[in-house]
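One chain, subunit A, links the two complexes that follow: it is found with subunit B in the first and with subunit C in the second.
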Partner chain A sequence: MNILVVLRMVPDVVEELEIAPDGKSLNLEFARMVLSESDDHALEQALLIKERDGGTVTALALEAPEVDEVLFAALAKGADRALKITGPKEGVTTREAAHIIAGVISSEPGLKGADLVLTGTQAINDLDGLMAPLLAQELGLPFLGIVTGLVPNFSARVALATKEYPRGVRGEFEVALPATFGIQAAEKPPRYVPVAKVRAVMKSRKIDCVSLTETVEPGFSLLQVLEMTKPQPSGHAEILEGSADQTAGALCTILAERGLL
Partner chain B sequence: MAAEFWVIVEHWKGRVSQITYEALALGREVADQLGASLHAVLLGHNAHELASTLGKADCVIYANHPLFSEVVAETYAEALVQLLKERKTRSIIFPLTNVSLGAATLLGARLRLPVVNFCTDIQFAEGKIQAHCILYGGKIESRVAAEGEPTIFGLWPGARPADKGFSERRPPVEEFAVSLSEPAIHLKKYMEPAAGDVDITQQEVLVAVGRGIQSQENLHLAENLAKQFHGAVCASRPVIDQGWLPLSRQVGKSGATVKPKLYLALGISGAPEHTEGMKAAALIVAVNTDSGAPIFNIAHYGIVGDVLKVLPALTKAIESRKGVGSHA
Partner chain C sequence: MGGATLTGGNPSSPEVTLDNLLQSPQGRDLLTCIQCGLCAGTCPYGDVMAYPPRRIIAMLRAGMLEGVFKSESLLACVACYSCMAKCPRNIQLTEVLLPLVKEQVFLNLAELPAELHKALDNTLRYGNPMAESPRKRAAWIKTLDFPIRVLAEDPRPVDVLWFVECQNSYHPRGQDVSRATAKLFHALGIDFAILGNEEKCAGECARLLGEKGLFDTLTDYNMAVFSKYHFNRIVTSGTHAYDAFTHRYPAAGFRYQVEHTTPFFAAYLEQLKPRLNRTLHYAVTYHDSCCLGRHNGFYEQPRLLLQAIPGVKLLEMPHNRISAICCGGGGGGMWLDTYYKAKGYERLSERRVKEAVTTGADVIAVSCPYEISRFEDALKVLGHEKKMIVRDVTELLSEAMEV
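Here is the complex of A and B:
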């Protein structure tokens, strides 16, 4: 009962993003990298399954700034193994990343034959494809995305998965295992792990490293980014200036004039 | 024979999704630019009647199979692989919604075709079909061209008004026979949402909270403000995922689409997944500490500030205007 979780680092959009001088890519030098939000949920779902149904959890990520902290945090939360793929170029696309990761999964002892391959359903930079279906295709596994609940029956080789639809409707699917799932949200919010515990894990545990086995040729993503820009303010929002009390007062007047009070 | 340009028809629970008509409106424009024929590809089970609403297309390609009762990415990809062996198209527009998500990528991966996600527009320019895409939660825009055809475009909702993609004309239907393998994924049942305490789609005023509300303990600030309007509190995805509010209060891709007279977006960044559910509100007011938050691009009024300061100040200001402040 092996559960594999693929984690990805993405720029923190709370911070200001800078476009590189080529005008076609992000300047990652100054970007703060964080774990992709739905990947955090994928990790949590894996840990919940392990606690409920048993099995081992392996967290797998490409080498990237801040990724060691994320992998140590995964160990501190309860993952059994953390694995980092070293050597990919900076700014690898999702399609390229999936090819590299699938290559490692297929060749690395202990990864091939995982019962569940979990990752986030969508990342903010999935321009050339989504990770879960790309991995599913590369690994020859079934795929289901937008999953918010997952209950495997390892002995029966099936899982019951809950998929989200619009308007709060959910669908319950039976999926033959092994399979790949794109997790939208875990059954519980991702757990918090104290910094002290992560630091302790940094001293007592290690991240396994493996060099990438699959290289990607230029043009692998089949896309050409012609231009990258920041959205031009549409001039739509009239910004109210001043202190909280001043702006609140001004807004109150506007709402009253529009008959909303 | 004219080149083809395809739109994949998304239908769910017996109805064609709005985004299909949006995609047809966009597809019509691009097909006309290319001098191509616009084809709507309908995969369904006993769904022939749905074709009658797809008159914006020159032709409907219809495949009828019991496995198309539900949208399963693998099954859709398998069918489209077969269709692409028989016919050629320059591009395929795929809806990027919770119903269809994943099918476009899977098809692209199976046939090694270019996939462009997060498209808000598609144009034929400089001799190439180019897409305009929204990335990084709405913080970056990108113009993208594909290397190779056909290109698969994953389309965000809202690219064109849906009514522009609707036509009373009954299009010709070409049937297409598919042979599908037994899928590893089966829908067992749908689960409707539990009736919420409040139907947020019926509210005239919504106070929407996002990550900026910071904790469940601060939700009462939003409740207090909502009371002033006899409105309700709703939320973006992160608040629902934390379990601070029930799913029935979620606005956006997985939640409700709302059109209130007033939508107060408090501490919400304005990612496309959220804005697709609220951008039709008559008046949008956004409060966010990040002056570059995408929500300000669709809001009518904005305050760059801390929700936890602005929220109580606004409640207090309204109370004062109503003349109850002095009694508080």
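Here is the complex of A and C:
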């Protein structure tokens, strides 16, 4: 009953994003990194399962700025082990990251044979939600994404996963374990961990490190970024001036002209 | 009972914990409580709390504090200092027992209300509760027509280090107050500078909420930044920052002279008066901030400033000075409005502006950065936004200086 959670650091959009001089990537020196929101949900789901059914939770992340704080916070929240993969180049693609992480999961003692491999269903730099299916592919495990509820039955080697569809339709899936899941939302919002607890964990616990020895071949990602630019304004808002009657009339005219009334 | 500790304003006093509380002088004071219930009666949320202050003391005496720790009751404490101010035995409730108990309540909460959770996460990560970029903390100074010195860029010694605080750095209405404050400093010829993007929240609300680890982290950070520069005194726009620097930071070695902008400008009243040339035809009622008023006794300074403005007629609300009703923003209340609403509690800012409107005043004047947005929202919710506007005292002074 081992649960593995893959955590990703993504650019923090509270800060301005800058394009790197190559015109094809983000300037990561300027960016601040933050835990991807849906990965935080994946961690919460893992902790909820551990509290309900027992087992261990391992949080795993690639080396990145501010990742240590995130891993210590995961330990403070209740994760049993935190593991950091050191050595990958900055700005690895999702496919490269999945390949590296799957390699470590397959070789690192205690990680191989995890019953559940969870990660966020999407990240702001993985809007296609490829991380979980690519991990599943590399690990040879079943995959289910956009999951909002997960109840494993470890003795029966299955998990009941919930997915939500448009118009309020819910689907329940029985998935054979071990399996990989992309978590959209945990059953409860990610918990708050008091700062004093994180500070105590920083003094009493450690993050395990795994050095990456293999390099990913150039071209492994298949896709190539040709250009990255900031959005250009393509239009302007029109402010309607005048009394409520005048502006309401003008608004109705515009809506009628556009075929919306 | 865990590791909860209290290191109050006096760094030489031994650390008080829940375990040794009753052996400490402060704890022995608690034993003198006559259970009169004035604290619960004066508490703005005393009617909805399962454990108002009187009952917490009773639980402490009975050795049953665990029950309080497991209750959410103290989330309704907005740290307004009413219970302490009204206690006939002068028991320092808000200085001793409540922070220790709130810390345990905070650690025992099954789930933190979402708004508060975000505010605390943001304060740790960005140094402000609103998730604004720390790199833009000083962006507002570019909107002035005179330069403001930022110490990181010009670290020469300065007379006044102006600690702007979060709300007045980022909130659009707070920035109005900052511009007004800067104009007053400028007009008085004060040698002043700001920390700019190096400044982070003073953390007072985190501490009063029970999130001591966050408060300690912010204290360590701000103390390290202060130590980099040479200045004679700190003047802050934040009443909560003033409170933190006066009562909490000394335990971390804070020895600087500190003033809040309202009493600071009141001390310059004679120099200001000849500059207040514009007549403002306002009827003004002043709302005493809990930190500035009840906790630190600055009742008259804001009123003297307001009365010095030509044309201003000062009207008092029935609850004024020591009896002022809290705006509901202290002790984390700023981020618990949704929680209070869900519980069916009246928003204290609404209770307050209802009273303000009955005075017939057209301006409610404030000194605390939280109050502007809280009261402006409350006026809109109650449909009074055409009857009354909210202005910081510094804004009215600045307006009266415009020719």
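The criterion applied here is as follows: the second predicted complex is superposed on the first by the 230 of 261 C-alpha atoms of A that agree within 3 Å, B and C clash if a C-alpha of one lies under 4 Å from a C-alpha of the other, contacts with A are read in each partner's own complex, and residues count from 1 in each chain.
Operating definition for what follows: a residue touches a chain if its C-beta (ideal position, glycine included) is under 8 Å from a C-beta of that chain, and two chains touch if they have at least 3 such contacts.
Predicted model only: the values in this text are computed from it and were never measured.
When the two structures are aligned on the shared chain, A:134 is found in touch with subunit B, with no touch to subunit C. By the touch criterion defined above, A:14 reaches both subunit B and subunit C.
In the superposition on chain A, the chain among subunit B and subunit C reaching more residues of subunit A is B. Touch criterion not met for A:50: it reaches neither subunit B nor subunit C.
By the touch criterion defined above, A:170 lies against subunit B but remains apart from subunit C after alignment on the C-alpha atoms of chain A. With both structures placed on the common chain, the touch criterion links A:34 to subunit C but leaves subunit B unconnected. Of the two partner chains placed by the overlay, only subunit C lies in contact with A:191; subunit B stays clear of it.
Looking at the shared chain after the overlay, A:199 reaches subunit C, while subunit B stays out of its contact range. Comparing which residues of subunit A touch subunit B with which touch subunit C, the overlap comprises 14, 16, 188-189. By the touch rule above, subunit C contacts subunit A in their complex via residues 3, 106-107, 111-112, 114, 117, 120-121, 124-126, 131-133, 135, 211-214, 216-217.
Note for the complex: subunit B touches subunit A at residues 12, 70, 73-74, 97-99, 101-103, 105-106, 108-110, 112-118, 130, 133-148, 183-193, 205, 228-229, 237-238, 241-243, 247-248, 250, 253-257, 261-262, 269, 283, 285-286, 290-292, 294, 296-306, 309-310, 313-314, 316-318, 321-322. Those residues of subunit A that touch subunit B in the shared complex are 10-11, 13-14, 16-17, 19, 26, 37, 41, 95, 121-122, 124-130, 132-134, 136-138, 142-146, 160, 162-176, 179, 182, 184-185, 188-189, 219, 221-231, 233-234, 236-240, 244-245, 247-249, 251-252, 254-256, 258, 260-261.
Listed in rising order, the residues of subunit A touching subunit C in the complex are 14-16, 34, 188-189, 191-192, 194-199.
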